[in-house]
Every structure is written in C-alpha cells, then in structure tokens.
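Here chain A shows up in two complexes: once beside chain B, once beside chain C.
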Partner chain A sequence: MSAVLRTRPAALVALAVVTLILAWALVPGLFTGQDPIAGVPADKLLAPGAAHWFGTDHLGRDLFARTVHGTSLSVRAALLAIGVALVAGSGIGLLAGFLGGPVDDALMRATDVLLAIPGLLLSLAVVTALGFGTVKVAIAVGVASVATFARVMRSQVLRVRHATYVEAARLAGAGRGAVLLRHVLPNAAGPVLALAAVELGAVILAVSALSFLGYGATPPTPEWGSLVAEGRDYLAVAWWYSTLPGLVIALFVLAVGVLGRALTRETRTDR
Partner chain B sequence: MTLTTSTPGAGPTADAAAAGGADDQAPSDALLRVRGLRVAYGAAEVVHGVDLDVRPGEVVALVGESGSGKSTTAHALIGLLPDGGRVTGGSAHLGTGQRSAALTGLLPDAWRRVRGVRVGLVPQDPGTALDPVVRVGEQVAEALVVHGTPRRAARERAVEILADVGLDRPRERARQYPHQLSGGMRQRVLVGIAMACEPELVIADEPTSALDVTVQRRVLDLLADLTGRAGTAVLLITHDLAVAADRADRVVVLKDGVVVEQGPAARVLGAPEHPYTRELVATVPGRNNVPSAYAPGAGATVGTGEKAAPSGAAVAATAAGTPDEGTTDGTSSEATAAGAIALGTAAVEPSPALIEVRGLVKEFRLGRRERLRAVDDVSFTVPRGSAFALVGESGSGKSTTARLVLGLDRPDAGVVELDGAPVGADRATRRRTQLVHQDPYSSLDPRFTVAAVVEEPLWAHRVGTRAERRDRVAQLLEQVHLSPDLAGRRPAELSGGQRQRVAIARALALDPELLVLDEPTSALDVSVQARVLELLARLRAERGLTYLFISHDLAVVRQVADHVGVLSGGRLVETGPVARVFDHPAHPYTAELIAAIPGARTPAHPDRKDLT
Partner chain C sequence: MVPNHPSRATASPTTSPETRTSTTRATAVAAAALAAGLALTGCAGPDAASGAASDAAPAEPTPGGTLKFALGAAPQGVDPQQVGSNVSIYVARQLADSLTDQDPETGEIGPWLAESWDVSDDLTRFTFHLRDGVTFSDGSALDSADVRASFDAIAGDLGAAAPLAASYLAGYEETEVPDEHTATVVFDEPNAQFLQATSTVSLAILAEETAAVDPAERLQGDVVGSGPFVLESYTQDQGAVVTRREGYDWAPASAEHEGDAYLERIEFSVVPESGVRAGGLASDQFDAVGDVLPQDVPQIEGSGGAVLTRANPGVPFVLQPNLTRAPLDDVEVRRALLVAIDRQELVDTVLSDAFEPATGILASTTPGYADLSDRLAFDPEEAGRILDDAGWAPGPDGIRVKDGEPLEIEVTYTPVFTGSGPVLELVAQQLRAVGVDLTLRQLTAAEQTTAQDSGDYDFYYYNVTRADADILRTQFSTAQRNLSLREPDDVVDPLLDEQLGEADPATRETIAAEAQEALLDQALAVPLFELAQSIGVRGDVHGVTFDASSRLLFHDAWIEQE
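So, the complex of A and B:
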C-alpha cells in the first residue's frame, strides 16, 4: 500500500480526498459550525460566498453544512451496501467454486438471473419490496452487486482450488472447511477486495440515485442524493444547489475509484 | 564502448580461469570468439566477462546451474536479450577472415542478416516456441522466406527439411498445427528451423530439458547428425553435465556469470581442476559413479543386513503379483536369484509388506467414447523400510499410480493395501502416508510462513498444544537442515532447495510410515538435488521410512532406490532390484530407457558420442 502511494501521486491525492470526506462523516461538527436542519429564511438561495461556501437552499440552510452532515448517512449506506455485496457475493462464489457440480450450477444460474437485470432496476424492485429508508436502500443496492462479487470470487477459487498447496493441505489432514478458510479464501480474496474498492464508487452513485428518486432519507435529514434532488427545481435560479453537492459525490467516487485501481494493480503484481 | 577489449578483466576468478584454461584457448581460427563479455539487467551485472571460443564444426557445451548466466550469455550472442538486458562490455566475433562480424552493438537490421542465416537458435521449450495457429510447414518456410527464398520454393524446401529432421510423412506433417505434434516432434521442427538456412553456428538453449529421456536422446542424436554432416558448430547450453559429457568436444563451466573452467570435455568432466566443477561432477547422479543402489555417505550407516531383508521379499511378492505377465514373472524369479547373489548369503528374512498393490486399474474418460487406461493392471509390493522406485516417461501412469497408492483417487479395479488394510481417503491413512510434491514452488501456500506450513499437519490432526507444536516444528526444521531463522519467512523468500526441505519437513511432521516422493528433485539444480537426495537417504535410515519414489530420471533412481518398477503405457513391464534391472534389463523398453541415460560416454565407451 505504501509502495503504491509512493509511486502513484494520483493515488496520494485520492487518498487525501477520501480521508477528508470520511472525516466529514465521522465528525461533521469539526468542519462546519452551521446548522444543517434549521435555516434562516431571509438568507434563502444565496450564492456561494465566504459565509456560505456552497451557498444556501430555498429554506436558507447552509448547503455546505448539509453536504457535510449528509456524508455520514451516504457513506454509511454505501459501506453497508458493499458489505452486503461482499459477504453474500463472496459466500456464493466460494461455495460455488469450491463445491462445484450441481451446487455450482444452481448458484451460478441464480447469479446469471441477477446479472440479467440492470442493477438500478433491481435495486428499485428490492427497495419497493422492502420499503423506504437509507438502510433499506443500502441493502437494495448491495443485492444488485452480489452477482459481480460472486463471479469474481468463483473464478479466483477455481484458480486456487487446484493449486498444489491446497492438495498438500488436504494430504496433511486438514478438513474441507479448514482448507477453505485457511488456504482458499485468503489466496482468493485479494482481487475480490480490490473489486470492493472499485465498486464502492458505483455503489455511492447508486445509493445517491435511489435517494434522488425519493427512496432514501426522509426530509429534512440531509443526504447527498436528496440534496441533488431538491436542488433540481431551482436549477434555473440557483445553479449551486444541485451542482456543488453533485461535485462532492463525483469527487468522492473518482477518488475511491483511483484508490481501488491502485489496489487492484498491487494485488496483481503480488503474484 | 570498446568492442575489442584486450584485457578480459573480470576480477580474480575470471583471470584465474583464463590462465587455467590458456592451453585450451583456440587460436584465431575460432568461428565464434567471445572476449570479456559482460551483460547487465538494469544496474545488476549478471555476466562478468566471459571468454569463449567455438571452432568450426565443434560442439561446445556451456554448463552451469540456474542463475549462472549461461542462457543470458547465449541470448546476448544472438541479440535476443529480454527487455532491460544489455551488453555492457567485451566483444564477440563470428566467422574468420573477411566473413568476420562483430556480434555486439549491432542494429536490428544487421542482426537480421546474422540471426537465422549465420547463427541458428534451438529454443528451450518446444511447447511454446512454435506459433500455435500457423502450420508447421509454414513456420519452417518462414525461416527461409525472411532470408530471401521465394515462398513457393521455401514451401518445397520446408517439406524436405521436415523429412531431414526425421518426421514421418513430411508432406502431411507440414500441414499440421503444432498441437498435433508430440513434444519431440516439435523440437525436431525447431531444429529444422534453426538449420534451415545452413548456419555456421547453432546455439541450442537447453534443447531437451523439457523432453523425456528417450526422446531427448533421439533429438540430440538428430542435432548431432545434422550439424555433423553440415560441419556446423554447436554451442550447447545445458544444466545437465551428463548431456555435456556425451555430446560436447569442449566444456565451459559457468558459475555466477564467470567462467570457472574450460577445456576438452573428457578433461574437464573427468579430471576437473576447479573446486566448483569438481562439486558439480560429484553431484551428478550417474550410472558410473554410484556402484551401489544406495546413496553414498549417509547410506553407509545402514547395515547391509537391514537392506537385504526387503530385497528378497519384494521380489518374491512381485512374482506372485502378476501371474499373467510373462515378462514380469520371468524377470522376477531371475531377479530373486540376482538379488540373493548380490546380497550375499546374509540371512534373508522376509520383512512384512507395508504397501501391497494388486491389479490396479485407473481409466480416464477422454471424450464421449474414448477412455484412456492410465494405469493398467499394476501390481507391486513395497516392504517396510525399503525404497521402491516407479520409473517411466511422461504419460506412463507413474503419478496416477502414486495418487492411487495415497488414496487420493479411487482405482477402477484392484486394491492398495497398507499393512493389510485397504487405503482410503480417511485420516488414518493420511497420518501414515505422506506425499512430497514435485514442484516446491507451488506446493507451499504463499501466504503461510515456513513454521505455519510445517505445523499444518500437526494442527489438522490436533497434535499437542501450541507450545508443543512449536517445539516439534523447530525439531523438524533441524532435521531437514533448515536454520531456525527461516521459520518466520515466507516461501517466496526461500530457494528451491530450501522450499523442498520445508515440504519434506511438513511430510514428516506426523511421523508417517510411507513417504511418496513424486519427482522430488526434478525442479532443482543438480547440486541442490544431490543434497536433497542425501537428506532423504539419511532420513530413511534414521527413521526407518519406506519410500515410494516416482521419477523419470533413472540416474536418480539408481542412487536412491532398492527396487524399481518400470512403467510403460500404464503397464508395469519390469520390476526387480535396482542393480539387476539396470545391469541386466529383461524388457526391451527398460533397455531403451537405460541406454538413453546421458552420461554413458566413458573411457570404456569412447565411441558413444554420436557426433562424428
């Protein structure tokens, strides 16, 4: 990791951006003193300036404060979604690759079905079934990416499963479970974890998209996607309303993507 | 850069070598003259001033272990160094008189007028050196076309070349793709390509190390025959001293990028002067330097009586094993006699069989209808404490047999008994039988430390407490002569020999009775191989282990095994004590295998050179 950062300045910048935004999520109060919920009606739709870095919205709330305070919810939702996809997808891929045969067939055809449906559509269907709320949006987005993780994990397991050291472990007397957890999983995990980093960006976008469509946090709770959605009606008079929170989303997605790719390269040169 | 450096200044070692080999230096009539050649990859110099001469029509072997710089030297001479490699000093000249041309600092255009035309290359791996999507005839013709032959004429000539290199039905073969040819045939095609433009020099880079021993012999015979007829000089790169001894007029020994010794083959390999050459020669498992079936050194500690017991028992049991096999049967009874004679009149007390294999059959499905009998009615017995070797070429079924014996695969017919009970995939069998894999580079989990690798069997079988297991690991590492400092390292930080020692330590962790060794040294350098074989012999003597040794290398088998079974096409064609089978092979296939072992050219058979 440190070697990656030394040789790739882009990764270093990306790391700085991600760190800053994660800090927003953890301690928003440190970055803005203004209230994200209660506005000053007299200050409505002010352009960005020294007092309000991102300007204000139609209720006179500071948009920078709302963006910073919304980070926590958005990032948590994204991490939860990745967690769901990573755990469920890896589990499916691991079982399919390791057990093979009919288990493999059944699991892989199921993931084929998931892959056949566009991701956002699938998330919409799931969130409609589950009901509204950030956690449910996160789960819905996670379910939509399960198939990708299952595929990558399965291909890695197939590569590792026939490695001589796995056979050597079986010969040493290790049981199937022990071989799976001690040898197959650690040796297959690298590319899957790198995929998680790459996917994180896409997941943030998906979570924001769903909350933009109104499935996410209920107003007045700030959340990245809903900030962009609210600003949509004022685009003609207040360009900053949707644009600046949108740029933050874009910047974060980009930074996470750069980091993820750097990590992918790292795991590739490992072997 | 000066292309003609007069001083071969390459440190004291090279100077000493140059002085030592002064009497062997070729005068100006040399076809290839290399002086003080230095090659570096990036900042790291790997060839430190090599001097080398090849006279017209002469075969010079460049020998050394992996990392000695022999392939790098060869590639530098033909301008095919990999990315980052470059010649940093010295000179190389090809040809005499006005045909003389420098081989250093050439531009790509100039190289094209040398490569293929004046210097041919036979590459190492016939599996990857041919383009898989181009017909072999086209590939041979290509070598002619790029040097100016019209395509139509080149095609005709290509068929002639394929006939010259001994392919049957050359016209049909020319239209086949590489995957339709065997490894040996592909290597013949590559020899044909190298010889297509009738070069003055052929550089053969380990031309046969990927081939079976009988195929190796035929390909080397072919190369010798073709180059001998055309008067072509050969620079033979090899790690196999026995091949060098058989095929070369002169030998150049390379170590760490420095020539340590060079001279006539018989002198260098017969009476080596440099300590490193002496060590190399001593470590070659040969049919001439090991009179007994047992490893030298450590083997001496084992009483002959102990060794005598298994011999008779194995033979007797084998004779009963395959009553329908004429050859085996006859051989065995003869072997009993031979064994008894060889072992003197010591009381032959039959020791109980540890492994008994009867009528083993294993088939693999190839297509819808086709089935391959990988193991066909194989029967043998391994008495406790003995070392039984299964030899055969690739595809003979020896590794499949080993897997069946370990209970890793289920046989289609026949039984394998361990101490009278059939083996299975159960944990009891696991504890008593262990396998050492062929390739130590892939048999150790790259994420585990050495200590974790060795501890794994103990952990899996819930042996002892954590502290006890740690002590046991330390003890095991000591037994295989690994420094305790290595315990925390990962496999990637170890050498091949060290890795194989780790694998052996892991196999020994549970105190097994039977150790199956699947070509345990074939991925290792010869001096490393010798040390690993010595370790195996000592462990067997100390711990009363029984070995089932799988190998294609008969020289190694002769050194480590008491008894040998020869597999061909899945059938066991001959079994018996090693000394008897090697000295008086009963089956023609065994005889062919033994004749193909390189290193047979001895003072007694000076004509076995196949070159002149």
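So, the complex of A and C:
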C-alpha cells in the first residue's frame, strides 16, 4: 500500500479526502460549532461566506454543519450496506464454489436473478417492503449488491479449490469446514475485499439516491442525499443548497474509487 | 382523503323569481350570504379573484389551444364527489356542475343546474327546480332521477369513500322526485348548511349510471358529468387530460361568458418540485402552475408571467391531536403548544405574502370566523411556564421529561401542499426551543387512510376548505370525522350540533363563535397558517378564475392565439 501511495499522488490525495470525511463522521463537533438542526430563520438562504461556508438553507440552518453532521449517518449506512453485501455475498459464493454441483447451480441461478434486476430498482423494492429509515435503506442497498460479491467470491474459490495445498490439506485429513475456512477463504478473500473498497463508492451513491428519494432519515435529521433533495426547490435562488453537499458526495465517491483501485492493484501484485 | 374541502360561502336562495321562501327567512338568509360575500371579497381582493384576465390589456378571447398545467401534488382521483384535495378538485371541478353556484365576488348563491329552489321554514325540505336542456357528456338529459341517484349514493355506499360529501348530507332521509324537473331533498332535522353545500364540488350532480359504479373505478375516471370539459385520460400520480365539451350551454351567472369553454384541451401533469414548476413556466413548458412558493415568484414574474392568489376559507392548516395517546392526552401540553409556535415566522420564512398566520380555528375568510388571535399569540415563556406547572421538567438534552418519559410528539402528514415539509420542520425547530421534540412522519396518499382508520398518529396535520362554519362540526364532532378520537362531551358537541339547526344567521354565528372558543379551550387543534392558492400563469394566459372556495375554474380561460 505504501508503495502505491508513493508512486501515485492521486491515491495520496484520495486518502487525505477519505480520512477527513471519516473524521467528520466520527467527531463532527470538531469541524463545525454550528447547530445542524436549529437554524436562525432570519438568516435563511444566505450565500456561502465566512460565517456559513456552505451557505444556509431555507430555515436558516448552516449547510456546512448539516453536511458534516450528515456524514456519519451516510457513511455508516454505506458501511453497513457493504457489510451486508460482503458477508451474505461471500457466504453464497464460498458455498457455491466449494460445494459445486446442484448447490452451485441453485445458488448461482438465484444470484443471476438478482443480477437481472437493476440494483437501484431492487433496493427500492426492498426498502418499500422494509419501511423507511437509514438502516433499512442500508440493508436494501446491501441486498442489491450481494450478487456481485457472490460471483467474485465463487470465481476465486473455483481458482483455489483444486490448488495443491488445498488437496494436500484434504489428504492430510482436514474436514471440509476446516479446509473451507482455513485454506480456501483466506486465499480467495483478497480480490473480494478489494471489490468492497471499489463498491463503497457505488454504495454511497445508492444510499444517497434512496435518501434523495425520501426513503432515508426523517427531517430534520441531515443526511447527504436528503440535503441534495431539499435543495431542489431552491435551485433557481440558492445554487449552493444542493450543489455543495452534492460536491462532497462526489468528492468522497471519487476518492474512495481511487483508493479502491489502488488497493485492487496491490492485491494483484501480491499474487 | 386529505381534507381540503370544496365549497363556497354560506347559504341562501336569491335571484330567481320563482324562489318562494318565507319572507323573514329569505331576508335573514340573504343577509348571511351578503356577509359571506363581504368576508370573501374582503380578504381575497377583487384583482386576485378575477384572475389574469384583467391584467395587461387582453384582447378579445381567442378560442382554441391547449393549456398545460403543472399540479403541485398528485390528485387522489377525478370523481368530483369523492376527492377533497385542491389539486384533485382542479381537475374534477371541470367535469361536473352543481345544483347551485356561489358567486366568488358576492358570496351569493345563484342558480346553476337548478334554476330555482324553495326551502321549508324548518330547514328540512329543499326543493330544486332543474334547468331545462342540460345534458351529460354521454348525451343523456339531466333529470331529477340523477339528483336522487347522486345523493342516495353519497348518503349510502359511497359515503365511506366521500366523507365530506357525506357530512354535507348528514340527516339525509330521501330525495323525492314528483316530476323529472323537480327534486326535493328531505332531512330528518334542520340543515342550515345544505343550500351552500349544493354549490360545492362534493355535491356535484353526476349521471344516474355513475352512482352504480364502484367508488374505486369512479376515482380512476369512470364518471359522467355535465361540466364544460370531459375527461380524456387520467393516470394515477402522473396527470390527467380533459377536452372541451361541445354544446355546453349552462354556465352559471358568475362565469364571464356563456357557451363552450375557450380552451380545447387542458393537460394536467404532476410536478412535485416547485422549482421545476416555476422553471417550466419560465421556459414555456407549462402555461400555468399550482402552489407557487416565495422563492419562485421572481422567476415567474421575470418571465412575464403573473401569480394569482386567493385565500382559502375553512379550517386552516392545523395540528390535530390524538387524545388517546400520551403526551397529547394532557390538555396542558396542548395548551402550551398553542402559544409555543411563532406563526408569523412560519409565513415569513417558508411561505409567501399570499399566506396569513392562523388567528383562530377557522380561516379568517370563513363566514362565522371568530378572531382568537390573543389566545394564539407567540409566547414561549408562557409555554414553558405551562409545561413546568404540568410537571414537564427540562431534561439533559433540552427535551422536557416527566416521569422518565421525554416530551416527544410525532406529526403525521401527507405532502398535499408543497410548503408542508418546510413549515413542519420550522414548527419542530420552534418547539424544540421550549423543550418539545416534534418529529415528522410523511405518508403517501395511500398510507394515510390506513393511518387515519387505525388512529396511528399523535398529531395529524391537515386543512379543510369550506366557506361555512359547519366545517367545525364535520371535523371535530365526535359523531363525525373526529380525528382526535375524542369522547363525546357536553360542551363542544352540543354547540356544534346546535349551529346546524339554527335558522337565524346571527344566532348561528354566535353559537359557532362559542364553539370555536370551546375547541381552543381544550386545545383540540393547534392552528398554524391559512392556506392560500398561489397560481402562476404565463403572460398570454387569461381568464383563469377562482371559485368561491378558491379552486380553479377553466371555463373562461383562454390563451392568446397567434
């Protein structure tokens, strides 16, 4: 990793951006002293300036404070979604690839069905069934990404399943479970984890999209997607309302993408 | 379901030579109508009510063309008798006519489908003499059987799906049809609000066959009316298209012209974002748009358009408490909330000049309105004191606590009006300052019926439009809608019933005023602001008018043709 950072300054910048935004999520109070919930109605729709870096919204709330405080909810939702996709997808891929035969067929056809439905549409269906709220949005987005993880995991398992050391472990008398967890999983996990890093960006976009559509946190709780959505009605008079939170989302997604690709390269060179 | 109800001002026979009522009643009722008219015009202003036709030196109306209208919310359907929200009525009102018409300028009740009527002295029998030559869009002639079928349906099976129309027919016994041009509506008790109710879209007359159609199918467009436009298509959540009815010749006297409507077609589409509506108007994608918010006014006026406004009578936007749930079962909490809200700030921050802060439990343009602004004056210290006395002590995070329970209240709402979200967010911000945690729960139109039926809400946020104080009975009587799930009592309920049976307008107004005080004594609703219609039209669109309940009429509307 450190080698990549040295040779690729873009990755270094990306790392800085991601670190900063993760810090927003962990300790928002350190970055802004303003209240994200209570505003001053008289100061509504002020343009960005020294007092309000991102301007203010229609109720006079500081948009920078709302963006910073909304980070934690959005990033947590994205991590939860990735967690759901990673655990469920890897589980499916691992079983399918390792057991093969009818189990493989059944699981893979099921993921094919999932892949056939556009991700956002699938998330919408799931979130409608589960109900509104950030956690439910995260689960819905996670479910929609399961198939990708299952496919990558399965292909990796197929690669190592017949490797000499796995055969050797079997011959030495190790049980199927032990072989699966101690030999197959660790050797197949690298590309899947790299995929998680790459997918994180897409997942943040999906979570924000659903919260933009009104499935996320209820107002006045700030969340990236809903901040952009709230600004829609004011685009003609307050460009900063949707634009600046939107830029933060774009920056974060870009930075995560650059980092993710750097990681992918790293895992390839390791191999 | 979201209330926003149809109507025009108070009742009364007028104008027609055949009208036969007892002299004293006729005088008294005429006075009521006049008072209603004054109240209406007083607030709306003649320029606002007459629409764009008076601006900009318009030439002679040129028939033809398609008007593209952007609605701020999705209509519930297109059945005039069932729908209640403003956007639904914008569409449904064009399809059907009513027995009477209320003049938006004077508030007087005039003839429409009925050319005259008689009212019995005890206000229980209303005889309508129907106009000759009126036909429905399927070609059949209007006769008294259609009137009977419409009212029988509303008082019967349709009633559950059309609560407002049903409430106008409270105490309905039957409609007698001595001949095909005469219909007598009979009630089992005096019904002082009925004549005005016949001018509303809820009691519009539809063809007899329509009464037999399933309510859900009627909402989707299976309705036959006699209006100046005919429904061409309706797509739920997307919009509707109506086309001109050839041979329409029974416009009410308050219309600018007789005969067919000028416009060939009106295309309604649903555009929930107000900025998109305003931008669409400025870039000629729409000819007229609903629910213009303050931030959009400069864009519309800058592109040569105009914003037409008119205040809605009826119950203003209120938070109505569910009395079966803590903490709103505590009357002191409700009383504190009455004075904890800065209504002027709501209007100044997220609404526009067209809107007024609520000053009572009725909108100020409603006949019978009582000014209770002194009880609603913003006083956060007083609110804090009431809550302190009631045992709600400030908690660690600023939210008050009593017996370990935080003062958390959820408000349930549907986005029938574009400004609702920001208004409620600001209310929540104001309430947090006195230690009340108000959270917002937005429902879709489909979910709200379930929520209402199951009583699954703390506060319910809504408004209802009607130019008659009887709307209080409809909304607050324990025998009617009763969103508060209140037990019958011996103060509020008797007052609400009494005004309905009172023939003398002055006495009726006094009783209504007492009822308003009694409702606020118990804080059975926390009024927020009065709704106003705020319609943006392009410079070349003229003659878009408001009816007496501030809903749009397109019969006189025309677009300058090249």
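Annotations for the structure displayed:
Everything that follows uses one rule, which is that the second predicted complex is superposed on the first by the 271 of 271 C-alpha atoms of A that agree within 3 Å, B and C clash if a C-alpha of one lies under 4 Å from a C-alpha of the other, contacts with A are read in each partner's own complex, and residues count from 1 in each chain.
Operating definition for what follows: a contact is a pair of C-beta atoms (placed from the backbone, for glycine too) under 8 Å apart; a residue touches a chain by one contact, two chains touch by 3 or more.
Predicted model, so just to flag it, every value in this text is computed and none were measured.
By the touch criterion defined above, A:45 reaches chain C but does not reach chain B. In the superposed model, more residues of chain A are touched by C than by the other of chain B and chain C.
Look at A:174: by the touch rule set out above, it reaches chain B but stays clear of chain C.
Contact residues on chain C toward chain A in their complex (touch as defined above): 273-276, 278-279, 293, 295-296, 298-299, 345, 348-350, 418, 421-422, 424-426, 428-429, 432-433, 439-442. Chain B makes touch with chain A in their complex at residues 406, 408, 427, 430-431, 434-435, 437, 439, 442-447, 456-457, 459-461, 503, 506, 509-510. Across the complex, chain A meets chain B through its residues 163-165, 167-169, 171-175, 178, 183, 186-187, 271.
Contacts from chain A toward chain C in the complex involve residues 37-39, 41, 44-45, 58-60, 214, 218-220, 232-238.
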